[in-house]
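So, here's a batch of structures to check.
Heads up, the next two complexes both have chain A, just with different partners, chain B and then chain C.
On to the complex of A and B.
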């Protein structure tokens, strides 16, 4: 009986190991290619023949007219941080309103926003472009921050679910003591929902950090210093450049993952709690 | 109450936007009219020969420029889009700096953007008003840009006449219905055979049959991108088949499924049956050349540096080989392309944009670009001062090259045809050709 279980477990793990291996190949290839001395794509070898840190050095300290990574990183960082702050605030406030406050048409508004969220955002892209062009916000980081954070309140669902689990009696007792909604929100609900905030923050940072479509549409400038990381790295993949810049592209791909990884490692403990916590009561 | 407020705000926003639109339109209209009025009219035909006339033009053009300077107030904002390659960007920056010094009476704010010529049209037509004032594009995009009204016609010139100074092929590529719409910049968007001359003799590269035999004998490979219609076209055009734009300028006419086409396709299929022939794309080819497997490949000037790194001093370039159709050797044809500089007709400073376009396409500038980027100048005088193996190969090939005038429906069916001929999956070659031609000539939506 026991032997059977061991064998079964062995095959299960073998299968998982094979799958993991297959899924990891592209990432490993990207990683090792970023250390290659050869600037182009080498499809004939998996591992580079000679190893070097030069690609990272070029990427970070020797920006040229093609790869201006420091500028891209800065732009993406600015967009990411501001969007993160604004849209986290939006999500938390909307969730609080829907979860803890009672007002006419609350249910209807909620259904309406959920239905609104079901339309693919791509549909409105052209309209967004012309509206922002009207306000002269295309080609600017501010415009992108507006685009990413303006509609973020619609993503309130999970966060609202979490707020619902906070006992109403806590809020009520605070109100009896004379607390306003703002005080209840900042002093009672927020401190109690740390895992949820972490989840919201990570999500709010990831979306603009990794977005390509919106950024490509909004940023019409062809000056590499105005681009975000996604646009810049994509640009390197053109057929005229790829022969000279592919390993630098790989290095860029590795570096892009660093801020996300750091954010995750710091907040990982809360993250799982956040996802599951919000799901208890919907 | 709140609803009313929202409604009022919406109306206000719409009103503002309408006002903004009409305002912008007015200014552009004014701007488009000015340069035509100020610059001297120099009809192309009567400028070239007589020195007296030239002197007059010089006089007139100085007036035109001083008029332009006099009419300029404040800083002139211009955006210039050119190739993303570093060599291009740096050269253009130099040229722009020179331009600023030449016209130092005026304050310029010239931004150089990186935009591949091959996709320039798409970026411009996305939003013409927000596009660059001056841009470099590949000549096959001319039709659509003109149809969209994005190009300012070169009806007036300041410093020299681009029609007389540049090669006839380039001027033809820059013109539509007899009107010149752009300033020719380079004349080297074509392809030729790059090979390692330590391993292949001139005899070997004179025909595909010899080339394949030589590669087989040495256990090496020769490559051609069969799955790319741009290259595949050369086989068919060489044998006299026709594939070009229909009268409407959008759809294609193509006779590749005729008798000659069938013979060509059979020849290509026979060629591909050798293991020494591989169908690979640009990036893969460069990698394999570095590994030493690939000793001959059909590519363009943009790949020269990489092949130079792979073959070293043994790099050689030659016109495309002949290939055997029904027992007789047929010279392979090709596409020839030009890079052109266009001026956005919606530019707020059309006059200065035209002058800048003229400046970066004049003889000295083209010479500089040619020297720094491996590309061949379109300017006749500049072209005679630059030589490289790649450019002489292109020159030899140019007699067999056609201007790239095919509609968007050409690429996918042609690529599929090439791939199936290479794979040998097309049992019934006539059917494969019929399918490809049906796809190529299908009406564009």
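On to the complex of A and C.
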């Protein structure tokens, strides 16, 4: 019996190792290619023959007419920070209203928001483009910030599920002492939901970094300095450019991936908790 | 439905009572909205409401009405430039801009509807103030009203900004999109130089009919079928794969659980536009996979066997094989994500159920099929449907993977589509990569996808609400 278990355990780990190997091949290839001296796609060797830091140096310090990574990174960072602040505030506000307050039409509003939130924004993207054009916001960072954050109030479900678990007696006793709802919200509920806030903030920050389609649609400028990381990196993989820029693309990918991976791994813990918290609560 | 009409009836009946039974101040506020408050000493509130009314009248009269009045034709005056050789200047006539008429018209109508609601609510509120005064109860002064906004009415403070955002970015665009589907807006009718106008249901017919000179009907059928097949396969494979992987990692004998999980999570932490573009290049005709296959003489072997006619394996450039590759690559993309969700849920399976099943002599497969899977399905059932909807709209995977794909089907190409397109990528290509820019067709496709998603959402959601099975697993 024990021997059988050891064998089973061995095969289980072997299987996991093989799967992890398959899953990591592209990541490793991205990483090693970013150090390649060959600017185009290598077709014969998995690992580059000669190694160099030149791609990073070109990417970070020698922006040219096609690749302007410092500007892209700055644009994405500005969008990320503002989106993060606005979306997090919206999500927390809506969650508190739906979770802790009781008012007529609360249930109806919630159902309506959930149904509306299930419609993907990508679908009405042309219409969103026209709306922003009317306000003259296309081709600008402000426009993208609006796109990413304006509708974010609909993503309240997980956060509301968390607020639901905070005992109502805490809020009530504060109110008996004379605290207003505003004070309860900022002094009691928010400090108690730190893990949820970390999750919400990281999630809101990452959304614009991960997005490709909205940025591609909103930014029509031909000047590379106006682009975000996603559009810029997509552009240097065009057929005419890929021969000279593939390694640089990989270097850019690595630079973007490192901070995001770190944030993601921090968030992962809260993610698992958040999802189940929301799911079981319904 | 019956309840809805009853509520509607009550809504207007209350309004009627307020108007007929209200005193002179309530009646005055039918014209000047603030009077009902001013007459009871709530001067500042009265002034604010009156200012709102004045703002609405000015906005509608001066800004939105000129557009609303042209909504029926979407403008009649074409833009004309007259060049005056004497002064060397160009003069442009006072032309109509169809797009602006449609946008501002819809916005203006929304404002009017919102105002009507506000108006009715206002009359009712002034009537309530009158009753309070009559009964000798306390009537709030302005400072007390403000205090209410951070107390009993705090939800209004909290919800108004997010609600405005949602109205502008979700609701308004949806209304526009529906409107554009009934027009002939494309590159040939592009404001400001040209006008577009209403065409009725014609665009919807174009999409389902197979007419001479238009291949939209053909392309739509093909793409719709692939979209549904893709969404079903992508959802099911990643879902089952995710659960199996999560069980493998969370098995009691597995060492270093955290490390394994992190290894897989890294792949979703890297933005999709990086990994997907990279993988599409790896499997490209002259990419590294083909290079290695050539070195190993597998390509030669396949050529001899007559499986391929090219000197490379067309992973991402041939119909059929590309479809399979997309689903396989999507497993790579989606399984770690599902694994994370499944991990959280697996940890919460009531262990006493597993224990008692084991004591009763159930084997591993029985436990998996009779306890684990029903539990997972119960909790993740709704997310399975949202996953399906998400995959119908999975723009990234298709668009980033199939950039190099060239369709050999002339009918599809004529409609700006490829064999591997989903409805959503097709929509995108029609608007931003084709020269014809048939916005109206894109809108029609958008509405069709919308209806598919909405039906699925409503069916699940009503199940979710109705479901009295909530306590089954508690």
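The definition used in the following text is that the second predicted complex is superposed on the first by the 263 of 282 C-alpha atoms of A that agree within 3 Å, B and C clash if a C-alpha of one lies under 4 Å from a C-alpha of the other, contacts with A are read in each partner's own complex, and residues count from 1 in each chain.
In this text, a residue touches a chain if its C-beta (ideal position, glycine included) is under 8 Å from a C-beta of that chain, and two chains touch if they have at least 3 such contacts.
No experiment lies behind these values; they were computed from the predicted model shown.
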Clash-or-fit label for the pair chain B, chain C on chain A: clash
First, second, both or neither for A:30, with chain B first and chain C second: second
Chain B or chain C, by number of chain A residues touched: C
Touching partner for A:166 - first (chain B), second (chain C), both, neither: neither
Partner chain in contact with A:134 - chain B first, chain C second, else both or neither: both
Partner chain(s) touched by A:64 [first = chain B, second = chain C, both, neither]: first
Contacts of A:41 with chain B and chain C, given as first, second, both or neither: both
Partner chain in contact with A:142 - chain B first, chain C second, else both or neither: neither
Which superposed partner A:157 touches (first chain B, second chain C, both, neither): neither
Where chain B runs into chain C (options 171-179, 387-395 or 405-413): 405-413
Shared chain A surface residues [contacts with chain B and with chain C]: 41-44, 134, 242, 246
Of all residues in chain C, those that touch chain A in their complex: 99-100, 103-104, 147, 150-152, 154-155, 157-159, 161-163, 165-166, 168-174, 176-177, 180, 245, 248-249, 251, 253-255, 260-275, 277-279, 281-282, 284, 286-288, 290-292, 295, 332, 336, 340-341, 343-345, 347-348, 379-380, 383, 386, 389-390, 393, 395-396, 399-400, 403, 424, 427-428, 431-432, 439, 442-443, 446, 449-450, 453-454, 457-458, 461, 464-465, 470
Footprint of chain C on chain A - complex, ascending: 5, 8-9, 12-13, 15-16, 19-20, 22-24, 26-27, 29-30, 41-44, 46, 90, 93-94, 96-97, 101, 103, 106, 109, 111, 113-116, 118-128, 130-131, 134, 146-147, 149-154, 180-182, 185, 209-210, 212-213, 216-217, 230, 233-234, 237, 242, 246, 249-250, 253, 256-257, 260-261, 263-265, 268, 271-273, 275-276, 279-280, 282
Residues of chain A defined as touching chain B within the complex: 38, 40-44, 64-66, 129, 133-134, 138-139, 220-224, 235, 238-244, 246
Residues of chain B that touch chain A when the two form their complex: 13, 16-17, 20, 79, 81, 83-86, 89-90, 111-116, 123, 126-127, 130-132, 282-284, 286-288, 290-291, 293, 302-303, 306
